[in-house]
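Each of the next two complexes has chain A plus one other chain: chain B in the first, chain C in the second.
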Partner chain A sequence: MSLLRLAATNLRRNLLRSLLTIAGVSVAVVTFLMLRTVIWAWNAAADEAVPDRVVTRHKVTFIMTLPHRYLDDIRQTAGVREATAANWFGGKEPNHPNEFFQALAVDPETWFTVYPEMVIPEEDLADWKTDRQGMITGDVIAGKFGWKKGDTVTLESNIFEGEWQFHVSGFYTPTKRSVDRNTVMFHWAYFNEQSPGKEQVGWIISRTQGDPNEVGRRIDRMFDERDIQTVSQDEATFQRSWLAGFSAIIYAINIVSVVILLIMMMILGNTVAMGVRERIPEYGVLRAIGFLPRHLVALVVGEAVVLGLLGGLLGLGLAYPIVQEGIGRWLEENVQGFFPYFDISPGNAVLAVLLAIGLAVLASALPALQASRLGVVDALRRVG
Partner chain B sequence: MMDATAQQKPGAAAAPLVSLRAIKKTYWRGKEPVPVLDGLDLEVPAGSFEALMGPSGSGKSTLLHLIAGLDRPTAGEVVVGGKTISTMGESELARWRAATIGFIFQSFNLIPVLTAQQNVELPLLLTKLSSADRKKRAQTALRIVGLEDRLHHFPRQLSGGQEQRVAIARAIVNDPQILVADEPTGDLDRQSADDVLTLMTRLNQELGKTILMVTHDPAAAERASIRRRLDKGVLV
Partner chain C sequence: MIPLSYNLRSIVVRRTTSAAAVIGIALVVFVLASTLMLSAGIRDTLSRNGGVDSVVVIRKGSDNELSSIIDQNKVGTILSAPGVARSDGDIPIGTGEIAMIVQLAPTGNPLGLTNVQMRGVDPTVLQKIRPRFRIVEGRMMAPGTDEAIVGRAIEGQFEHLAVGDTIEPKKNLPLKVVGTFEDGGSSLESELWADIDTTRAAFGRQGIVSSVRARLDDPSSFAAFEMTVESDKNLGLEAMTETEWSDKQSQFLSIFVTALGVIISFFFAIGAIIGAMITMYASIANRQQEIGTLRAIGFRRRHVLLSFILESVLLALTGGVLGCLAALGMSFVKFSILNFVTFSQMVFKFHATPSVFGVALVFTVGMGVLGGLLPAMRAARMSPVEAMRN
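Our next item is the complex of A and B:
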C-alpha cells in the first residue's frame, strides 16, 4: 500500500457518490470535447487548404460580386497556372427546404482542374460540359434526394427568383475526407442567363506557381486602378476570414466550454469537500500517528486526481462513440460545408483529460488546505 | 482509591519515562479563559501501566494529549524519554509521535475501506521500510493481538473487540515505547473489554510497553499498575 493507493481506495467509501461524480465529470468531458471539436472541425477546412490556391474576392465584402472579365485578366497574370470562378446560388430542394447544401454556378471547363480533389468520370464530365443545364453533384446529397444520372431536377434559390431546372450529368467523388460531398455545381453560363446581375462572378480561384501570396498581391495591384478592387488570399487565409464571420458563435462556444469546466470543477469540489468533512476524525487519527499536514494534502488531492482521471478517461471513452461516430458522422453527412470532418483531435482528447485532472487539483485545493490546517486535538475531539 | 505509588505491581520499573513539571493548560472560549490543568506535576515510570480516572472535564484527555505530544501546554515542561517535547516544532513532534507513541481510541478509528493488515500498515507508510517489510511487520503485530487469521478482513467484518485489537496492532506496529489509550473499552461489551485489557496487560508485562490509559471503567482501572485520579485539573 502507498499514499496514492490509500487515496484511490478512499473512493470506495461512498461508492455511489464516487461513481456519480465520475459520471458527472465524464458528461462534462463529453460536452467539452463536443464543443472543442466543433471549433476544431470548423477550422479543419482552413487546415486542409491547398497551399497554391488563391481566392480573389471583392475588396469590400465577400457577398459583393466581381466582373466576369476579371477571370480572364487573372488568367493572364504571371504566376497563375489556371483560374476558375464560382457564384453562390443558395440552392434549395423544394421538397426538402430545410436541407442545407452548397450550390455553385461554376465554369465547367476549368473547375475540376482547379479542384483536382473532386474526381469525376471522363464520360460524366464530357456530358456535363455539353449540357448547358447539366449539373454535377456530390454522392451524399444525391443519395439523400434520390437523384440519378439523367434525372431532371428543379431547384429554387433563396437569392434568385424562379425555378431552375437541371439535368444530373454525374457525380464527383472526393480524394480527401475534407471535401464536401453535398455540393451541387452547374454551368455559370446558364446561371448568367437567368440572374439579374449579368456577367458577375462571386469569387475567382487560381492555381498558382511560386509564392501564392505574391501572386495574390500581383492580382490585387492589377485591379487597384479599376472601379472594383479585389482582395486575394491564399485558400487557408480565405477560409479563416470566412470563419471570422462566425466569431460570435465561436466566442459563445468558448464561453460555454468554460462554463462546462466550471461545473466539472464544482462537481469535483463538492465531492472532495464532503469527503473531507466526513473524515475529520480520521484525519485526526492520521495526524496523531505521525502523518504531517502535507500527507493529508496529498491524500485529499490524490483522491481528487483519481476522480478527475477516471472521469476524464470515461468521458473520453464515451466521446468517441457519441461525438465522433454519432454526432460527427451525422454532421459530416448533413452540414459538411461547415464541418468537412468531425473528429476528436488527439490534442483535444489530451487537453480534456489534462483539464479534468488539473481542475480536480484546483477543486481539491481548498478542502485539502482545510484538512491540513486541522488541529490534531480538535479533529480527535470529533472521534466520539 | 489507593495511593498511586503503593499500587505499583512487580512488572513496573522505577525510572521515570515521562516527566511533567508545573503544567498549565488553558483553553479559550471566545475571550474567556478556561483553565483545564493548573500547575500539574507528574512522573510516569518506564514500563508502568497507569490508569487516569476522574469525572468528565477533569482534564484526563488533555493530560493524555500533552504526554502524547498532540497538544502543547500553556506553561510548564513535558519531557518524554529525555526529550523536551513541549518545545518541539510541528514536524519534529509528528516524527517523534510516529516513533514513540502508539494510540488506542475508544471508537477504534480504523479506515473502513482498508483490510486489517492495511490498517495496521498505515503508520509504516511514513517509514522507509519496503512494502514487503511493512506487510511482514503488520502481520507480526496482528499475530501478537491474536488476529493472524483476520489479515484480509475489513473492519465491518470484525467484531468490536476484534476491531479494537486491530487498533492495538496498529498502535504497536512501530514498536513504540508508550501506548496511550483513551477509553479503550468504552465501546466494548464486558467480555471484549476484558480481552482487550488482558492484551494490554500482556503488552505491558511481556513487551515492556508503558501504558497510559484514560478510563471511566473501574474494572479497566483495576488492571493498571498505577491509578491516578484527576479532578478540576489537579491530581488528587
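Our next item is the complex of A and C:
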C-alpha cells in the first residue's frame, strides 16, 4: 500500500513532466482512435450488409448493363425469394452541379421489399407506384435541394442526354445508420422509355434462401452459355471488392497507427527513464531498509502505468468531441458515400486505453530492470 | 552568442533522452514526407499523360472517359478542325479511342475482382499521338487482331496479365497478351490496351468512341481548335489539352492523400513537440549550474534563450534529416490505389522532390522551436545566483 502511495507521490514531484507526458499520451491516443475509426467506418457498410442479399452484375465490367429479361430469369431460380433491379442514372441537379447523390432507376414493385431498411409511409408508396414520373428521395438530399412532396423536379444526367422531369412522391427514412440518405429512386419504366439502350438493367439484387453463395453460383451458371455472363456476389463481398481498391491506403493507415504507438512509447519511456535516473539514491535507501528488487520494479512500472492510464483516459475523453463529433460529423455530411457513419466503436475505445497501459508497461521495462539491478552500496554512495 | 558546440556536446552527453526525442521527431517527419511524396507522385504520374500539344475531346459534361460517348461519324469532323497536325500524306494525326473497365483478379487473390482500365486504340497511329510510348517486352499488337499489350505498372499484378498469357474479358473472346509497354511513367502504364475494333466488337460498342485524341501543330493552336470543336452545339463536345485533362483526373485523389497526410502529421507533430519539451525541460533542470555560470560570466538572458531554442532545433533537425532519409527509401515502393474519377486501379510511386523535403524540414524547424520555446524561457528567467547555488 505504501508503495502505491509512493508511486503516486513520485508523479507529483515533477508535476510539469508528468502532465506533459500525460498530454503526449493523450494526443497519441486521439490520433490512434482517429485512424482506427477511419478503417472501422470504411468497413461499416460491408459489416452491416444483409447476408441473404446477392448482387448480380455484368461479368466483364460494371459499366455495362444486363438484359431486363435476366431479372425474370433470376426470379425463377431456385433459392431466390425476390429480386429487383436498378440502373445507375448519374443524376445531377442543374443548379447544384457539384452536389453528389445517387440516382437510381428501379423496379417500384419490388425495390422496397428487397431493401426493407428504407421505410416509406404506405400512402407515399402507393402514390409513387401509380405515378410513372414519381420519385422517392432521401431526406438529407431533399433538404439540401429544398424538395417537398408534390414538387416537380428537373434532373440531368452525366450519362443520358436531356432534362428529366420527376414528381416528388415521398421520402424514405432509414432504419439503420449505414443506409445512405442521399439516394433518389424513380421508375425503371420511365427511364427505359427515354434511355438509348432499351430493356437494360444495371444490376440485379436478390433476396435468397439457403446459402447465398450457392444461389449466386446457380445464377452465374444459368447465364454462362448466354450472350452476356454475370458475376454474383453476396452483399458483403460486393462491398469489400469495392473497398479492395483502397487496400493500399488501409495498409498505410495501419502502419501509421503503429508508428503513433511507437511515438507514445518513446515519450513514456523517456519520462520513466529520467525519473529512475534521478531517484537512484532513493532506491538505495529503499533497498537498504528491506525492500526487494521486485518492489522497485513494481514502483517504476506502477508509476508508468498510472501515466499511461491517465493519458489513455484523457485521450479517450478528448477523442469523442474531436474525432466523433468534430471530424466524424463533418465526414458524414460531406462524404457519406465513403463514411456512412463515423463513430468511435466501444472496441476501439477499450483497445486504445489498454494499449496505452500495455505500452507503458513495455516502456518502463528497461528502466525498471536497471532500478532493480542497482547494488545497494553503489546507489547509497550517491546519497549526499 | 553562446557557441553552438556547447549545445552539440550537451545533446551528445544526454544520449538516451536525446535519442528518444530525435526518434520521435524522425517518425513524424517520415510520415509527413512520405505522404507529400505520394501526393507528388500522383500529380507527377498523371501529369505525364501527354502535354500541351496534344488534345482530348470528350462529350460535354462527362467527368471521365467512361461516361463519354462520341459517335464515330463525328471523329472525322473533329480531326478536320484547325490546329490538328498533319502527317506527310496530309492525314490528320489523331484517333478515336474507347475506354472500358474490366474486372480482373489480382495475382494471388483469384476471388477479389479489381477494376482495370482497358483502352481500345488504333495501333497504327499510337506512336504519333503518344511520342513516349514504347514496347519494353514482347512486341506490338498487330492491327485488327485479338492481341493486347499491357502497361508496365500492372504487368504481373493481375492473374493472366503477363506476356504470353491469354485473358478472357468476355467468354469466347480471348485476348492474347503479346507485349508490355511504357509511356514515360504516365498513368497509361496502369492500362490494358487492345485494338479498337476488337474492343468495340467484344463489348458491343460498334460505331462509338469514348474520346478523340489529336496532336496539335503548335500548342498555340489550341484556342482555335477548341473554338471550332465547342462552338458546334450539335456536336456537344468539350476539348482540353492533355495536361488540363490529367489535372482534372488527379485533383481529387491528390487532395485526398494530402489532406489525410496533413491531418495525421498535425496530430503527430503535437506529440513530437511534447516529447521534445520533456527532453528540453529535463535537460535544463540538470544544467542549472551551467546556466548560472553562463549568466555569471556575462551572457545575457536573450543569449540563454536563443541557445536553448537552437539546441532544440538541432535536436529536431537531427530527427528531421533521419526521417527524410527513411522517406527516401519509400521511393522504391509502388502504391496501387483506386482513382475515384476513373473508377480504376492506378499504380503510383512515392516521388521525391526538393520541395517535399523543403516543406518537411521547415516543419521540423517549427517543431524544434515550439518544443524548445517554453523550456528556453524557463532557462532564461533563472536568476544566476539561485541557479548556481543548486
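What we mean here is this: the second predicted complex is superposed on the first by the 276 of 384 C-alpha atoms of A that agree within 3 Å, B and C clash if a C-alpha of one lies under 4 Å from a C-alpha of the other, contacts with A are read in each partner's own complex, and residues count from 1 in each chain.
By our rule, a residue touches a chain if its C-beta (ideal position, glycine included) is under 8 Å from a C-beta of that chain, and two chains touch if they have at least 3 such contacts.
Quantities reported herein were computed from a predicted structural model and do not represent experimental measurements.
Visitor: For A:249 in the superposed arrangement: first (chain B), second (chain C), both or neither?
Guide: The second partner, chain C, only.
Visitor: According to the stated criteria, A:266 is in contact with first (chain B), second (chain C), both, or neither; which is it?
Guide: Once the two structures are laid over each other on A, A:266 reaches chain C alone.
Visitor: Determine, for the superposed model, which of the two partners chain B and chain C contacts more residues of chain A.
Guide: Partner touching more chain A residues in the overlay: C.
Visitor: Just to be sure I read the superposition right, which of the two partners does A:28 touch: chain B = first, chain C = second, or both, or neither?
Guide: second
Visitor: Going by the contact rule set out at the top, does A:274 touch chain B (first), chain C (second), both, or neither?
Guide: Only chain C is touched by A:274; chain B is not.
Visitor: In the superposed arrangement, what residues of chain A touch both chain B and chain C?
Guide: Shared contact residues on chain A: none.
Visitor: Contact residues on chain A for chain C in the complex?
Guide: Answer in residue numbers: 16-17, 20-21, 23-24, 27-28, 30-31, 34-35, 59-64, 90, 156, 158-159, 161, 224, 229, 231, 241, 244-246, 248-249, 252, 256, 259-260, 262-264, 266-267, 269-271, 273-274, 327.
Visitor: Quick check on the complex: what are the chain C residues that touch chain A?
Guide: Chain C residues touching chain A: 16-17, 20-21, 23-24, 27-28, 30-31, 61-63, 66-67, 100-103, 106, 112-115, 169-171, 203-204, 236, 260, 263-264, 267-268, 270-272, 274-275, 277-279, 281-282, 335-338, 343, 345.
Visitor: For chain B, which residues are in contact with chain A within the complex?
Guide: Contact set of chain B toward chain A: 65, 68, 70-71, 90-91, 94-95, 97-99, 101, 103, 105-107, 109, 111-114, 118, 121-123, 125-126, 131, 134, 170.
Visitor: For chain A, which residues count as touching chain B in their complex?
Guide: Chain A residues touching chain B: 1-3, 6, 9-10, 12-13, 281-282, 285-293, 295, 376-377, 380, 383-384.
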